[in-house]
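Below: a set of structures, written as structure tokens.
Both complexes below contain chain A, partnered by chain B and then by chain C.
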Partner chain A sequence: MILFLEQALNGWALGSLYALFGIGFGLVFSTLGILNAAHGTYASWAAIVGYYVVERAGLPFPVAVGVGVAAGGLLALAVDQIAFQPLRSRKAGMLGALITSIAFWIILDSLAGFATEQQSLAFPAASFPSGMIDIGPMKVGQLQLIIIAVLIVCTIGIHLLIQKTRLGTAMRAVGWNEVAAALGGVNARMVILLTAFLAGATSGLAGVLAGAATSNVSFTLGEGLMLKGFAAVVVGGYDDVRGTAIAGILLGIIEVFVAQYVSTALRDGFTYSLLLIFLVARPRGLFGSAGFVRA
Partner chain B sequence: MIDRNKLAGMGAGLLAATVMFGAGTAGAQPAAGEYVFGFVTETTGPLAAAGVSYHRGAQVAVEEINASKWIGSGVTVKLSEKESGSDAARAVQAMTQFVADRNVLAVTCCILSPVAGAMRPVAANAKIPLVFYGATLPGLPQPPYVSSVVALPGPQEVKMTQLIVDKMKPKSVAYFVNADNEGFQNRFKAAQKVMEGAGVKTAGVVSILSADTDFTAPATQAMGMNPDLIMVWTTQTPAAGIIAALRNRGYAGAITASDVIAPNAVFKKIGEPLAGVPFPIAFAAGVSSSPEAKAFADAFQKKFGELPDTYAAQGYTSVWYMSQGLKSLSGKANREALATALAKVGSIEHNVYGGLPMVAGQADVQKALVVNWSKDGKVVAWEPK
Partner chain C sequence: METLLDLWAAYGSTIAFAMVNALFALSTYAVLSTGVLSFTTVVFAAVGGFLAAQSVAHLGIGLWPAFALAGIGGAVAGSVVAAAFLKLDSHWMALASLALVLITRVTVLNTPLLTGGVNGLVVPMSVPMGDLVILLALVAAVFWRLHRSWYGLAARAVREDAAVASTMGIPPRGIQFTAFVISGAVGGIGGAALAFTLQFISPETYFIGMAFTMIASTVLGGSFHWFGPIVGAAVFTALPVTMQSVLPAIEDVAKGVVLLVIMIFLPRGLVDPRAVGLRRAARRRVSAEEGTDV
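This part shows the complex of A and B:
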């Protein structure tokens, strides 16, 4: 029973990373209408920048998290303005943006490889909360608890931002129709910039935390998060961060339990079968709007 | 006081001279000139850390061979590098370019066995000598054109496992293994066979995938089996991550691994959790005691500012092996003659392993070491507690 509970918590923490990344990915898709293949690189770069803040500058981990999050956001902003804004102004559509994002994915991945000298790096264990906490008979990692808490805070915060604030209303309006929103008095350009930054920062946060939790800061970090984060968005629903959070956690728990009690070889098969089932049976996901379709 | 680097250089020169005269091949010598060996590098991509080591080892070999005129007067060798990033398609593309360049006499390549497998037919069809410096899947050599200077890891690991049984006397073992890597599956099964043959129970097998990066759950799973020993038979990134996760979760029991945790970069990344974990290895700069090994370690440190790891030794050996074949030729060397000469090599004369027989194009290191990382980041001989 203890093993079951510990693994459930391991899955929850792992899934929280998928969800945190997925929230940023989903924001870009639902608001900007871009299926951004380069999104994983924001997480990789945030982790790399965070690592160098700790390793080279000798600054504490919380500062590394802050700088990494800012780096993820700024990178997303730069990619949006360089890659997607020209396409947006020409009404190039989703396919053009997807192809462009693939090009940026390759470029940013290659640059990340050079930044890490093609190696997998790791935050020094003493630099972040890497100890264990006893909760009854269970042993739980401090960082795992932090990751779980961070997801809860981010999910509630971003949900409230989107649903309860003027900025959120503007984001939803731009997501439905950019021109109509502009005619209604929304500064669409500013909303796009803020959304891109927020999405990059959220995924950057997932990247820094994942880099510390897995002892893997490398150009491959974002790729793993990308696939699972995408699955979380599809299963949870593109336009609701609560769905992404719940779906991400479920994916993490399912992954861990399938590996523990069934077979590691079947683990990813289960995950992607679930994705396929949702795409076929409930394409809007757990919480997605019934009529949500990106043009 | 005599400068340490000069002393190392003199030592290397003396060694080279000893080997040269000891070989007794003063009569045969290829025509003077510069001979080119193609080197398919893997200094980018997922295995770049190891790829850099292979390449650096090869560079040291070239410098030693040319400086000592080991092949003959006026005969030098040179590396021509093309990058593959551990990608089979890029490796084959590099190979076809080497084949087209008639200045390239032989090619050395490949860390991954699937990449090596893709290169093998290209070399055999083009009739160009191909020497593997990293791939370890049995059956890759195909004399006379394809050979491997990498000893198969199985026998070394079986020896270490037997040593573990004798010294640590575990009653139960949990194994980590790559579910998606046939080579490591075989290595795990060989170790399990030794353990079960000695009456050591299998507490359980935890499978992971090569692309995995989070090992918290697998570590929890293995610890839940309450084994006396955990053996890690996985590729490098998972092995390092698994050991770190086990120690971070408070596992204080015994762990063993394979030589994938040998590179300096792995200790630099993971640090103290690796200390005390035994692994078998053919070459370790601080432990290998032959004069050739010491000279190589000194030359490598002088050039790159750090001690060579086992991968550097393999890159180094590959160039010495090709040069040995070249040295045995007379007149203007060509690919076919070099392939024939390499197929006749019974042992690689200049090596850092204290002897390196070649059997049907396959190297066979007989003196495996069992070592571990110390807390301060040195590879030292393993001493069971």
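This part shows the complex of A and C:
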């Protein structure tokens, strides 16, 4: 029973990372209409920058998280302005942006390989909260609890931001129709920049935390997060932050339980079977609403 | 002549891969030309590839029957995917098809009886370059014929505006379903061609990397004319080889930058019938004005 609960918490923490990453990915997809193949590299680069802040500059872990988050956000801004803005101004649609994002994925992945010298780096164990806390008879990692808390805070924060504030209203308006939003007095360019930054920062946060939690700082970090975060977005519905969060946690818990009680080999199989079931049975995700488009 | 033979020896495999990638790009173009962004060509390729590899190994059939079988298998897969996914709108379609690519790899990994599982499958047959050329020419001829047919016209109408197309009596779903069947057949044949070119296939062969390669080839070449994907596949396949000889240290970065620059300056791709038409019209206008001046 104790093992069961411990594993449930481990899965929750793992799933929180997927969800945190997925929120950023879904934000770009729903607001900017871009299927961003380069999104995983934001997480990789945030983790790499965070690692060098700890390892070379000797600064404490919270600073590394802050710098990593800022790096993820700024990288997302730069990619948006270089790769997506020229196409946006020509109304080239989703397709062109997908290809430029693939180009940036190739570039940033390969540069990340150089930055880590093609190795997998790890945060020194003493640099981040890696100890265990006793909750009753259970032993839970501090970092796991931090990750779980971070996801809850971010989900609530971003959900409120999108649903309750003027900025969020503007973001949804731009996601619906950029021109119409601009006619309604929304500064579309500003909203796009802020969305890109927010998405990059969220995924960067997932990257730094995942880098510490899995002791893997390299370009493969972002790829792993991307595949699972993407599954969370599809299961949860890309236009709702809550759905992504719940789906991500669910995927993490299932993954850990399957590995623990069934077989490690079938871990991904279960995740993607769930994905397939959702695609066929409930294609708009957990919280998905019926969309309406001009006939 | 001698240099030509040297070139052939050095770049023969690149040319073979360019032709295989052209088949994949054409398969992607088939659905893209009806306004659907889908990555499912990878799925069709996997179906075709494993089907061809197994039937050659166990049924002892020849090269061309294997291609035909792969095409049929791909077409069946295409119709299944279309029946399940066409009800989704465009954003969801893109996500769902990408998810299906991930699922395909897991399926391939967990059915070792059919696919060899993690260890992959050795393909006991190779495709001569001449046959590959004939295959690509045949497929291209089909696309050329389709482009000039009622179906091609209807597909372009559906892509531009499905609502307007349906008011003119074109069934958008029907056209897109047909497009998926065509995409499936061509993708399956491409998958078989890849299997016979590599002579070894594994779960990693038909995965995300391939999905992005073929969509990039298609859009790079131009997704408004069937010739675009063929050009795009050639450029995209040759790019890493060229970059390796120019900038060996950062070939991947250079490849990404070239892709980025082309897409920013030519967002409609290298082959763009509209640009050709506009240029022709401008030239006609200029000559007409000169005519009136005189």
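Keep this in mind: the second predicted complex is superposed on the first by the 291 of 295 C-alpha atoms of A that agree within 3 Å, B and C clash if a C-alpha of one lies under 4 Å from a C-alpha of the other, contacts with A are read in each partner's own complex, and residues count from 1 in each chain.
Here is the rule we use: contacts are C-beta pairs under 8 Å (C-beta built on N, C-alpha and C of every residue); 3 or more make two chains touch, one makes a residue touch a chain.
Computed from a predicted structure; not experimentally measured.
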item: Three-chain arrangement built on chain A, chain B and chain C clash or fit; value: fit
item: Contacts of A:M132 with chain B and chain C, given as first, second, both or neither; value: first
item: Partner chain in contact with A:D268 - chain B first, chain C second, else both or neither; value: both
item: Partner chain in contact with A:V234 - chain B first, chain C second, else both or neither; value: second
item: Partner chain(s) touched by A:M1 [first = chain B, second = chain C, both, neither]; value: neither
item: Which of chain B and chain C A:A281 touches, first, second, both or neither; value: neither
item: Partner chain in contact with A:S120 - chain B first, chain C second, else both or neither; value: first
item: Shortest CA-CA distance in Å separating chain B from chain C in the superposed model; value: 6
item: Shared chain A contacts, counted only where both chain B and chain C touch the same residue; value: 265, 268
item: Parts of chain A lying in touch with chain C, wherever the complex brings them together; value: 29, 33, 35, 37, 82-83, 86-87, 90, 92, 94-96, 98-100, 102-107, 109-111, 227, 230-231, 233-234, 238, 265-266, 268-269, 272-273, 275-276, 279-280, 283-284, 291, 293-295
item: Chain B - residues contacting chain A, complex; value: 43-46, 48-49, 51-52, 179-180, 206-209, 211, 213-218, 220-221, 224, 237, 240-241, 244-245, 248-250, 265, 269-273
item: Contact footprint of chain A on chain C as seen in their complex; value: 32, 37, 84-85, 87-92, 94-96, 98-100, 102-103, 106, 109-110, 163, 212, 215-216, 219-220, 223, 250, 252-253, 255-257, 259-260, 263-264, 267-268
item: Complex contact set, residues of chain A against chain B; value: 3, 6-7, 10-11, 13-14, 17, 113, 117-122, 124-125, 130, 132, 139, 141, 144, 210, 213-216, 220-221, 224, 255-256, 259-260, 263-265, 267-268
